[in-house]
Amino acid sequence: MREYQVCTNCVMDTTDSKITFDDKGVCDHCNTYYDKILPNWHPNDKGQAELDKIVEGIKKEGKGKDFDCIIGMSGGIDSSYLLYLAVEKLGLRPLVFHVDAGWNSQIAVNNIERIVDKLKLDLYTHVINWEEMKDLQLAFFKSGVPHIDTPQDHAFFATMYDFASKHNIKHILTGGNYSTECVRNPMEWMYFQSDSIQLKDIHKKYGKKKLKEFPVTNILWHKVYLPYFKGIKVYRPLDFMPYHKEDAKKELQEKFGWQPYPQKHFESRFTKFYESYWLYERFGYDVRKVQFSSLILTNQMTREEALEELKKLPYDKENIHHEFEFIADKLEISIEELQSYLNAPLKTYKDYKSQENVYKYGAKVMRALGLEKGGKR
Amino acid sequence: MIGIINYGLGNVQAFANIYKNLNLNYQLVDNEEDILKCSKLVFPGVGHFDHAMTLFNNSGLKNVIEQKVLINKTPIIGICVGMQMLAKSSDEGVLPGLGWIDGEVKKFSTENLTHKSKLPQMGWNTIQHIGNHPIFNNISSDSRFYFLHSYYFKCTSESNVLCTTNYGVNYHSAVFKDNIYGVQFHPEKSHQNGVQLLKNFANL
Amino acid sequence: MLQSRIIPCLLIHNKGLVKTVKFKDAKYVGDPLNAVKIYNEKEADELIVLDIDASVEKNEPDYKLIERLALQCRMPLCYGGGIKSVEQALKIFSLGVEKIALSSAAIENPNLITQLADKVGKQSVVVVIDAKKKLLSSKYEVYMHNGKKSTGLNAVDWAKKAEDLGAGEIVINSIDNDGIMTGYDLNLIDKIREVTNIPLTVLGGAGCYEDFSNLIRKYQVLGLAAGSFFVFKGKYRAVLINYPNLEEKLSILKV
């Protein structure tokens, strides 16, 4: 059993079993950030100039079309802010793309509505077949792996890329950003959600319903075919400028009456349950450590503040049983059944088929070509 | 323990759901033993006054509830027809009410109502407070509640009135006397305002 | 003073939520439980849930689903679809539902309205009338089984009869305006309001808040139901559950 150690710089610790520390006690997440990400990240004039060029290109190609790019919108802070930025600061004409996986919270739906209405944008929603989604989610629960939010994430990417491909939209903008996400969830906590081999294997072993409508993507398709053969490009505009989470929240609240969430990713009731309770109680993985560490590295939070917050439970102990009941009810299983999944033996992604090697090899290639910095490990 | 009196009328499940969500101890009660254990009682009621009184009189619960309410001073809240049953009598029927709060139940006059479907009053309307009572904590005047009734409670004394509502006339929409409360609207179907009222009642 | 009720109407088909246009082309819009939960959090005045398969396929009502939906509602819930007997209705009431809607069953067995009203009180008995304008006529005909079967009944006559039989509320649903979101069928509404005295709820065609305000100006108090309007957004009819917040609602009601 490895001795407990926490990074002296951020708050990642040995609950990430692959973590390594240098002689100063600084973890590899931090060092990757300082060595690989920071030198290549320009949230300043240089970045702005690069972004202006990109935007010009998008506008030019989009002339005469109904919209010039597509922006995935969950109702969360990053995608909400991105939309606002894209329209009011960059002058783009995005189609807003939302995937309804059956777990939208009222706040999320309200936030999407407000922004779409105020910015006078067109919205497109893809509704995932709930019966299939439910079956797939239950399969993931039964598999015992940590990454049980894969169905939602996978569906989101698959539908958006599929839509872009079908409608020949060359430019996808996402709210992904280094500012709040420079430290990524360890693979051991959240394995690649785009790995369709893993998804299909888990479904084959534990699913009951055939996945007829559920959208399945493929890492090679969306990281190689789409960009290099169909010319579909994905940009992260929030990386090209200073992006300060609390300021962004305030601005959206003032301008749109946007309602904040108690924690990141809480626009989906399932994700809220998964990240704040399930991962924590079943595996001991506290995703707040990842999120706070990113904020520490980008000077939006101090290590002391983070450590203080981490002393509290990530969920409301008094009311969690209501959430537990809701999740069980929505999935149409008994509380006892859900409890049994909580207490079942722990499994990892390695217990099922996967394309891990493709990702490993692909990541090496991307890093060598300078196309990706940092990355997930 | 909050006892939701289950004598055959009213959406008892809805009250149970609300108290469950508030993490408060509650029970659907339909026998003497369980009623005796309650520290608060919820008294629902829908439909015809006589039908409700008959069911209640024949439920075998009347005596123990009267004892709890009138002697032990256990707080009780009558909902809709449950509130009307607290009166001495109702124009709707011939049976006497419980007479725990001095007043009579009258039928709405429709002369000031201009829309076509005058009775019953069905839908959301607002309340105006008369005075200040903890059962209405965090519920301001003009708060909306759901109503469904053709008859209303008319208190003999203004001192028993908690709030009024306008439906052609200003009538008494919530009443009380000591530990006995009555609301004409349905708090179990009035979203946050209703939940707040039921929470306040539990906290009395 | 009493305010008009603004009511989302949900259609259930194969356990999922659907939206139709003129009662055809059912489009899947998602999980009913989540939609009901969101409408509840948005504090909708009331909710109507109709199972459009039940009477066509002669199924028992899906009691488990009804119970789960009722659990989420802190506002009155009206449920309809496939209810043929007083026993079925009573069972549904016990699950936490306030009102039962009868449509095809009331036409096939009008006494059911009276039986149910006697048992639970008129206020809990709703008759839903699906009406379609007759060709080359100003009259409206009643349809059954989710718009598939014509009955030969005149909608106005049937509404009056339903009231006489003991219905506590009428929901008048325009098949022609279903899902088109360009306005209610004002002519149909006028005809039905003329002959009835019980609460009336209108459905079919709502596309903007002004549609509600117009009717409130004319009739002062009415039930204003909408399906597609509260589910779709924009020109691509993107699914996004929406409902006026309190401020917007008060401004619709203040006419």
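So that you can tell them apart, the chains are marked A, B and C in the order they are listed, and the count of residues begins at 1 in each.
One rule holds in what follows: contacts are C-beta pairs under 8 Å (C-beta built on N, C-alpha and C of every residue); 3 or more make two chains touch, one makes a residue touch a chain.
For clarity, every value in this text was computed on a predicted model and none was experimentally measured.
Across B-C and A-C, it is B-C that has more C-beta pairs touching.
Of all the chains shown, the one with its CA centroid nearest the global CA centroid is C. With centres set at the average Cα position, the gap from subunit A to subunit B is 49 Å.
With each centre defined as the average position of its C-alpha atoms, the distance from subunit B to subunit C rounds to 29 Å. Mean C-alpha position of subunit A lies 39 Å from that of subunit C.
Each of residues 71 in subunit C touches at least two other chains.
Subunit A has no residue in contact with two or more other chains. Those residues of subunit B that touch subunit C in the complex are listed here as 11, 13-14, 17-18, 46-48, 114-118, 120-125, 144, 146-148, 166-167, 186, 188-192, 194-195.
By the touch criterion stated above, subunit C contacts subunit B in their complex at residues 1-5, 40, 43, 45, 70-71, 73-76, 94-96, 98, 120-121, 123-124, 168-169, 193, 196-200, 219-223.
Partner subunit A is touched in their complex by these residues of subunit B: 21, 23.
Residues 98, 100, 102-106, 109-110, 112-113, 116, 122-125, 127, 129-131, 329-330 of subunit A touch subunit C in their complex. Per the touch definition, subunit A reaches subunit B in the complex via residues 318-319, 322.
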